[in-house]
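What follows is chain A paired twice: with chain B in the first complex and chain C in the second.
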Partner chain A sequence: MSDHLSQSAIPTEPRRHGLRAWVRARLTRPLLALLAFVLIAPLVPYAAMYAERGNVPNPGTALWNEVRQRTGPIDADTQVRGVESNVLINQVGERWREFRSKMLVPAGAWLLLGTLAFLALFRTLRGTIPLEGGRSGQLVPRFSVNQRVVHWFAAILFVFLAVTGLVLLYGRFVLIPLLGPEGFSATAAAAKEGHNLFGPIFPFAVLAMLVLFARGNGFRWIDVKWFFKAGGLLKGHPASSGYYNGGQKSWFWMVLLFGIAISVSGLILDFGVFGQGREVMALAHVVHGGVAVVFIAASLGHIYIGTIGMEGAFESMSHGYVDANWAREHHDLWLAEMEAAGMVGVEPNALEEVKRHDNIDFKGFGSPGTKAVEG
Partner chain B sequence: MFLEFVEGPLWYFSVVVFVVGVLWRLVDVFRQPSRTDLSAARAGGVAGALRTIVTRSWTAKGFSRGATFHLVAGYMFHIGLFVLLIFAAPHVKFIEERILGFGWTPAPHWVFMVASDLAFAGILLLWLRRLMHPVMRKISTFDDHAAAILTFVVMLTGCLALLKSHDSLRAIHMLTVCLLMIYFPFSRLMHAFTFPISRAYTGAAMARKGVNA
Partner chain C sequence: MARMKFLCDTERCIECNGCVTACKNEHEIPWGINRRRVVTINDGEKGERSMSVACMHCSDAPCMAVCPVDCFFQTADGVVLHDKDICIGCGYCFYACPFGAPQFPTGGVFGSRGKMDKCTFCAGGPGEANSAEQVRKYGRNRLAEGKLPLCAEMCATKALLAGDGNLVADIFRQRMAYRGAAGLGTGWGVAYDKGLRKGSGLEGKAAGKDE
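This part shows the complex of A and B:
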């Protein structure tokens, strides 16, 4: 009883205080748990990714992936109408820049310098390949006027485009130390204009080369033998060939294939008004630059062997005639056909030369047929 | 400094030499004595002169096969050069500012490119043909080669200076232009002015004789 009384005597909390306590006692923990859940739950995927990948991605990654359009199709929209006007940051341009500076420039330099070094070494070891039998004094007509005009037309264009192209590719490294920034700037500006203006003519030169030089440039079994004998470049190992040898045929097809690749890619770069975007332009530049460097390197060999590398070779493209001994040592099968056709030991008479070249009918290994000896 | 000299005193000197030289050559042509034709004219000379000026613009029958190269390359070069000279935007501006005081609508860039490609390809092909063809080589003189090379260099320097970003490139182009203008009256480049006179003289003489030339 006394206990009961004593308990009743204890002042009790007001009713509202009881509610607060009840709320505090019953709801605080769940609310805190809910709050923790709301705060922590969004982090769970990141935690999971962290656990999987070992790092936490920048929350802005998704945004910048969208801006840089790294993934998926481009779905950005803009009021500006134009090629790639909805591209904020071009990804291809960066990859192209990386390729140009880290692959094309150094690899191209090594290839070109390596080719020059190889030619220098070859010249040191072999020297000018002489006419073993000396000059016979008998002339054999080899290239017509039209063939020589087209050859030099293509050659002049090629050298001009090669030099201006190399200025654009390597001028920063080679010319700035020599000419200074201002001098290089003027040279590069001139090279760029010249390259872009002369470039569109080159496809027509390649086409003309195809028309005038295709005949006789098909590969035959004898060309394989020629390659196995290193083209007769080594002393004491002559190699038979017809009107064109394996090396000349390889060069012809190289000119044709590289010429087409470099012309198509060059026109894409030169006339950027047909809707091609940066991606196409970058790809065209990769093809253009890569093929051009290989083309130039191969041309160094052609130029060397056609000028100072071999006695008597240049005359075929300068005057159209070669010495009979030159033909015997380098194109023996062709010479045999020319002898059969009565075309060896002709007089270099101007009018007769024109007549003869107009009548040349290339057959067999490319030598003139009997039609040529009329008159 | 160099550009100022080339576009100043040298330019004016070149213009004087060009104008006086061309006039002197033309007056000289017209002052050449001609034999009096005592026979009765069979047809009017004027009609023959005008006809020949036109008909000599293409090759006569019988010569077409051998002259196709010259015809095509010749027109490529001359039409291309004409468009470059008269309608290239920098030339129109130069003519307006320095010569006539008025200009005209220049050709768009793609026309300029086509014209320059035609001109460059044409002059290269013609000059190489001159070097490679045995007959052409024999009848060619120093003047033929000098005129071709100088014209090519003028065109080339002009195209290299197209970006208009460097005075040095412009100065080199103007220098070659001045050299060409000084050389012009004393060379076979005079055919630019004398070709109609030559054709008209031949056409009129042949027409009076009753020859369809």
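This part shows the complex of A and C:
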């Protein structure tokens, strides 16, 4: 037997070492394994105990995890009736504070002051964008009475809400040193009440803007080219455009999207009677504040270019007509359409009279301009 | 100067709401406002714990940080107070507060809330201590009389502690030493078991009296 085994296992081993070789070859490993088992086996129950011990929750940790709602919504009761009165630790407060104090306030200030600085720089370099060809004396109807009413309704409301909102956001840093705590308290209280009372009207202004200004505000390839030419804002870079240019279209869609975001979030904040908790309120505030500063910054550009930034622009929103040369320089394609329709060079009142009688329906370059003459 | 602190010992609180009642009565707080409340976690289940919570008078108070009119101030004792003549009732302090401490008398539409009200650590507010105006707006000023907050004074199980943070911490540390390290020795049996305290060699006053 040994013969057979030794030969098959280690055939080169000399026969006289048969038993030793057999022990070395066949028993060393099992013996070592047995030894290891005998030594280790008694430790196994201890290991199991240690493992078990690791699963015993620390009651203090478990309680704190529940308080911090790390294991889901808190399962708690209280005799006090109120929204989230059973919540021990508000989960969003600190994050909201961080956002407001470290993001919204400084970033908003940089954005608004940066926009103003940019506009000041632009004005210094470019000045008022003039009518290169002077005034032709020929008028082109641009915005209807309804459009102008809605524009100024929205504009006045927007400025009021922006100012009152900025009072609440920056008054602590800017106005308390000027007015004193009591004086600023009265100002801020008035701002808050005004903001909360007139704010809910803003969605209607946005809706009216959508109805009256959507037409002609779809983006076209020509708007891309307009953007590549920087809208002709730089000297000697005339950019072609239809009734609205790329910048105006962008502003329209900004008004719509920002307007919806700011209206929805504002209504959530303003009407806290539907049991919305702090998480919803904080989120609504983040959206409201974040959108508002961007909205206001964009509006500064719109206000600048619509008033002192460009000669002949403001009258389109005041009496509704623009000079034909202004149209030629800034909305050439639209002017061509208006010329083709015979809408250039008429006296404002005469035009109103003529159109009232003839009821001409004008289909222009996406132009709602004819609404000016519907009476 | 002491640094005033509240501490609620969850191993002792029995949700009797005595602190809530004491507070409401002492300061004649109107309906709908609860400067202090008791919250019970896992009510009726294993691991049930109650704790009394109010303004914790944070060192870095979020309410102070976010208030748009800066109506908060911190006393030399570390008590966070606010000026109701300045407050505009915007609710920002409530959004920021971790503990839900700020309370508002009304919750109407158009963001109307009324002036914020919260726990004053029984330290009143701005103005002359315990003047008729201060008491009307902020409740009684017990600190000015050398007394501590009534909620903690009234707590039957001494679960709610109030006072100088160092003393409060010492009391709680002693309790934790009785109960065993790392908070593992929890439950009323440990919190109140005199035998355990005797064995620990850290007999407190209550344990000594029984002998």
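Convention: the second predicted complex is superposed on the first by the 277 of 375 C-alpha atoms of A that agree within 3 Å, B and C clash if a C-alpha of one lies under 4 Å from a C-alpha of the other, contacts with A are read in each partner's own complex, and residues count from 1 in each chain.
We adopt the following convention: a contact is a pair of C-beta atoms (placed from the backbone, for glycine too) under 8 Å apart; a residue touches a chain by one contact, two chains touch by 3 or more.
Given the structure is predicted, the values throughout are model-derived calculations rather than measurements.
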Requested in this report: Please tell me, clash or fit, for chain B and chain C sharing chain A in the overlay.
Outcome: fit
Requested in this report: Check whether A:N90 is in contact with chain B, with chain C, with both or with neither, and answer first, second, both or neither.
Outcome: second
Query raised in the report: Is A:V149 in contact with chain B, with chain C, with both, or with neither (first, second, both, neither)?
Result: first
Query - Touched partner set for A:P45, first chain B, second chain C, both or neither - result: neither
Requested in this report: Tell me which partner A:L197 touches in the superposition: chain B (first), chain C (second), both or neither.
Outcome: both
Query raised in the report: What is the contact status of A:R172 with respect to chain B (first) and chain C (second): first, second, both, or neither?
Result: second
**Report entry** chain C versus chain B, contacts on chain A by residue
**Finding:** C
Query raised in the report: Taking the superposition as given, does A:P30 touch the first partner, chain B, the second, chain C, both, or neither?
Result: neither
Query raised in the report: In the superposed arrangement, which partner chain does A:L63 touch: chain B (first), chain C (second), both, or neither?
Result: second
Query raised in the report: Of all C-alpha distances between chain B and chain C after superposition, which is the least, in Å?
Result: 5
Requested in this report: Please identify the positions on chain A that touch both chain B and chain C, taking each partner from its own complex.
Outcome: 185, 189, 192-193, 197, 200, 271
Query raised in the report: chain C touches which residues of chain A in the complex?
Result: 58-63, 66-67, 74-80, 82, 84-90, 92-94, 96-97, 100-101, 168-169, 171-172, 176, 181-182, 184-185, 188-189, 192-193, 196-197, 200, 269-273, 278, 281-282, 285
Report summary line: Listed in rising order, the residues of chain A that touch chain B in the complex are 145-146, 148-149, 152-153, 156-157, 185-186, 189-194, 197-198, 200-201, 204, 271, 320, 350-351, 353-354
**Report entry** In the complex, chain B residues that touch chain A
**Finding:** 69, 110, 113, 116-117, 120-121, 124-125, 128-129, 131-135, 137-138, 156, 159-163, 165-166, 168-169
Query raised in the report: Which of the residues in chain C end up touching chain A in this complex?
Result: 10, 17, 20, 34, 37-43, 47, 49, 51, 53, 62, 65-71, 83, 85-92, 94-100, 107-112, 182-184, 186-187
